[in-house]
Amino acid sequence: MDALIKANHEHQGSYGGDEFTERAKKLFKQYFSDTTEVFFVYNGTAANVLGLSALTQSFHSILCSELAHINVDESTAPEKFTACKLIGVPTTDGKIYPQDVESKIQRIGDQHHPQAKVISISQSTEYGTVYTVEEIKALSSVARKHNLYLHMDGSRISNAAVSLKKDFRDFTVNAGVDILSFGGTKNGMMFGEAILIFNPVLAAEFHYRRKQGMQLHSKMRFISAQFEALLSNDLWKRNASHSNAMAKKLEAGLRPIPGIVITQSVEGNGVFAIFPKEIIAELQKEIFFYVWNDRINEVRLMCAFDTREEEIERFVKKIRELI
Amino acid sequence: MDALIKANHEHQGSYGGDEFTERAKKLFKQYFSDTTEVFFVYNGTAANVLGLSALTQSFHSILCSELAHINVDESTAPEKFTACKLIGVPTTDGKIYPQDVESKIQRIGDQHHPQAKVISISQSTEYGTVYTVEEIKALSSVARKHNLYLHMDGSRISNAAVSLKKDFRDFTVNAGVDILSFGGTKNGMMFGEAILIFNPVLAAEFHYRRKQGMQLHSKMRFISAQFEALLSNDLWKRNASHSNAMAKKLEAGLRPIPGIVITQSVEGNGVFAIFPKEIIAELQKEIFFYVWNDRINEVRLMCAFDTREEEIERFVKKIRELI
Amino acid sequence: MDALIKANHEHQGSYGGDEFTERAKKLFKQYFSDTTEVFFVYNGTAANVLGLSALTQSFHSILCSELAHINVDESTAPEKFTACKLIGVPTTDGKIYPQDVESKIQRIGDQHHPQAKVISISQSTEYGTVYTVEEIKALSSVARKHNLYLHMDGSRISNAAVSLKKDFRDFTVNAGVDILSFGGTKNGMMFGEAILIFNPVLAAEFHYRRKQGMQLHSKMRFISAQFEALLSNDLWKRNASHSNAMAKKLEAGLRPIPGIVITQSVEGNGVFAIFPKEIIAELQKEIFFYVWNDRINEVRLMCAFDTREEEIERFVKKIRELI
Amino acid sequence: MDALIKANHEHQGSYGGDEFTERAKKLFKQYFSDTTEVFFVYNGTAANVLGLSALTQSFHSILCSELAHINVDESTAPEKFTACKLIGVPTTDGKIYPQDVESKIQRIGDQHHPQAKVISISQSTEYGTVYTVEEIKALSSVARKHNLYLHMDGSRISNAAVSLKKDFRDFTVNAGVDILSFGGTKNGMMFGEAILIFNPVLAAEFHYRRKQGMQLHSKMRFISAQFEALLSNDLWKRNASHSNAMAKKLEAGLRPIPGIVITQSVEGNGVFAIFPKEIIAELQKEIFFYVWNDRINEVRLMCAFDTREEEIERFVKKIRELI
């Protein structure tokens, strides 16, 4: 917010020709690599879809977890914009694994069948789990072996970095990721995401795609200034560490309660748990959360950069009362 | 062929303004219903894709068998042209069933998720099985209940009609199908398929879609004349009866052979069977066929309108020799 | 900015389920009509393209000024998203007129030709001119006569309202406009535009298009809060009045200077003028502006809500020195 | 037709894996170049649209005559399939010229504007005129200079070759054309067109585009056999020479008639003429033809491979009687 106020008080070039954008891009290069190309867009769906469009022709397919955000939560934006087919790989923990991915790379060279071209993974995943560096490298090997690209939806990448205790570059550019959606909104920004393209060849005409994709912000400094703030003084890390810690605290509070089953390893800022059916509606009056799987009454509880300890405590207390 | 020669010797209007087209459309109306609208196109992929495009908006999804031709054998033409997501329903016999379909109709009203709008079935199916009238009506009920349309890929509809011993209309327009791809090429035509739209409202602007879809034939009489011949004097039925009979003969020849397992009920013109792995390559030198599932050495043997009894006999004899 | 700070300090529902969005929508209804449906998006290109997509099928064409933003400044976003052809109507003052529009409505009913479906106008225009209420009503009559819709790109609508001394509704919903892009960014907002749909039927499924169009903001209150501030206490009017006044001041400063020709009537916040070629580059060092037409050295000088009188004076002084 | 009967009597591989296709491709290579890649499709719209899609990204624009078939007679198929904007270059004789084309290559490198990437010309043109070899080479130079491709719609290319008394290769591959739509239907075929790609790099993935574009014919031998016949024994030349000669005969018959004005140079198989308004409707009862421009009563009279001399004579006689 302070960053925005500052950006507001200066006259600057439009469409990214400003100093905030220059500085924010420089910071990204420091975190990732000298040759990283950075494109700011408005939201996570756009970051994913435009990134994927730079990796594909219209007759390709994209392999991802069957639960991936791009597969179930972005309407048909990926299909509309890329014309590719999304192939869902089954998952139990939100991650996809080399053997399962490879079994879906089918009929290469057969003109009747969509041609696999991208593996897309979410870090952290939609289940709040986090790929290890080795897991990502293994998927990268599969991609290289079959001449595919590796794409990462990093709308919660800061939570993953904190969880892994690794630098961003260790599990992205250095692990074989080609294009990354770097999340801002879910880590405290008002709006804005970054698309990082690690191979400059893929970036050459990307500015045309962004404009065509209706994602070029005229007053780009207002996105850049937020990223500059986020990437400076470890703000991203403090925000993500906090939300991860809150998730851990929530898990710790829930685990002892009889009738509650934690369903996924809590590695990022989300807790997935089976709740007694009868308490869910009552709890939702207290605080908003999604029922993730209504057949088994599994709920999804996400902690944010601004979730407070008292909120967690009050929520756990409420559950104990209801059970 | 005779029909084509006849069409060749007359000067006629272009783009469908000819007598052949008029007569062929009339025959379709007799077979289906007075209000059926008929649009000729070049091939089966186009018939399916354009039909589906008339039923959908770009944010919709289409439910079909995971093995459906539209899902695995039409490149990404459905995604490119409709922008819809295709949702594969698991199948063991090529058919999809109400309960499985219904379980995939999810998150209706949720703007983040593709909205289910069409159930598409193949009759006969990609496994050579045939839906009963009751099965189709049951799917139609599911469609109506959830405000979806029912689409049928009938590239082998003549084989289904012969197998069911039913009139076309009994298991299409009268069973709740909204749009049908009526196959010509697979039943003996040189080229050409028909899209039948049973609800005139859906047909109102369809000619624009056909032209835009690059499927408007200037010399349309050459498609129409073939359909006129096919629908006259029961030619369609003779052709389909023959190919179905050949499949039955093939099945009868294969079933007693040790080491061969017929995997699907033979109801149309196809036989699916597991063969000993070592004979497949040898047999393919004799006659072309596809390996359907190479994990289990399942092959797909299709009989055509012009398959001869001797060919079947020679093929079976060859197998007996090889085993 | 104050509005944003306020929005930042409250916990609110996401995707528009917040009080800021509710209040902003209510304000729009007061300014336009009770049945106006309001959808917030990120930028002007998206507002135009998504609005047009709600009015068209893929085989349609859209008539607009040959200089329209949608025709020359939005990359191929309109074509990509709607698949429609844009038909440019010649213009000398940025406006299009009934007779010229009507001459471009051709071959209706002919399946080979794109079918005209929308007239799109910009208010104020790309040349800084403003349509009168009567001119808009006349275009609306042409639209109704031929069964077309009327769309308005109102990225500078506040400047037009101030110039016309009319209420927004007088030259939009009450003059026959079907969908309006209401500009926020060019009138002082950090980001955000509004799509106003005056016919609820056209709005029924629009939220799916917005999501698919990658324009659904999760933290929508940050757009809404800005619109609430803009539409309250006449902030929109003060901003637009100021930028219009600055344009008038600029015009007054330029007009007496020999060698400068004002090329368009100054009705909004823009001044178009032919400058001596030799001074343009020198001036651009002082302040950024576009050369609009380099054949005749016509430049485009836009005044903003925060342009200061001293800036105008300094700019005019600089020109006088250079000439 | 004889070719079709022959193709009908043999069992052959599908999707182009047959001897007819092999022979037809070989003939095309002989006529054009050893490295020419040949793809058969169903109709001329598809040939043009798929060819253009191989040359463009979605943010590009395509320059063509404002009267080009792709611009006014293919619905919005080019926009739907390529997402590109078509930029119409003004023309009086159906041709476009270097200076006019170059003036439309604007704002290269500006992300807000569609980026020019292809010049597309029709040979012979929609006005029946024929580009000389030099004119094509001049356009090719413009294309190379600005890093654009040169595309040719050759739906009437045989008429052009006969008119120019040149080999096909002289005014296509050797004159700098990158992709050519080679017309079959308009020169006597029942259905089928060929896309010739002269640069193998552009052809590498084209078979996927054809399938996705719903243009892959399973029984491809029926297209190939027709092309084989057309390209053998100079059949193409006899057909085109005949239709050109008939156009000349028609022109000769019309020119002396008072009140008739021949508007375009008759170089191919079409005659454009202004007729007295009162005789047009009466004539159309006799034989079908299009009114090309109803403001000036200009009609378009096309001669075909099977137009007979008596028909021309009867038509001219009828006109003399009516006037």
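In order of appearance the chains are A, B, C and D, and numbering begins at 1 in each one.
We take it that a residue touches a chain if its C-beta (ideal position, glycine included) is under 8 Å from a C-beta of that chain, and two chains touch if they have at least 3 such contacts.
All values reported here derive from a predicted model rather than from experimental measurement.
Engineer: Any chance you could check whether A-B or B-D wins on number of contacting C-beta pairs?
Structural biologist: Counting C-beta pairs in contact for A-B and B-D gives the edge to B-D.
Engineer: Need the most distant chain from chain C, centre defined as the mean of C-alpha atoms.
Structural biologist: Farthest by centroid: B.
Engineer: Could you please state the distance in Å, as a whole number, between where the Cα atoms of chain B are centred and where those of chain C are centred?
Structural biologist: Whole-Å distance between the two chain centres: 49.
Engineer: Nearest whole angstrom, what separates the Cα centre of chain A from the Cα centre of chain B?
Structural biologist: Taking the average C-alpha coordinate of chain A and of chain B, the gap between them is 41 Å.
Engineer: Can you work out the whole-Å distance between the CA centroids of chain B and chain D?
Structural biologist: 34
Engineer: Scan chain A for residues touching two or more other chains and write them down.
Structural biologist: In chain A, 58-59, 74-76, 80, 83, 111-112, 208, 211-212, 216 touch at least two other chains.
Engineer: Please output the residues of chain B touching chain C within their complex, sorted ascending.
Structural biologist: Chain B reaches chain C through residues 15, 57-59, 83, 111-112, 115, 205, 207-212, 216.
Engineer: For chain A, which residues count as touching chain C in their complex?
Structural biologist: 1, 4-5, 8, 13, 42-43, 45-46, 49, 74-77, 80-81, 185, 190-191, 208, 211-219, 222, 288
Engineer: Once bound in the complex, which stretches of chain A touch chain B?
Structural biologist: Interface residues on the chain A side: 58-61, 72-76, 79-80, 83-86, 111-114.
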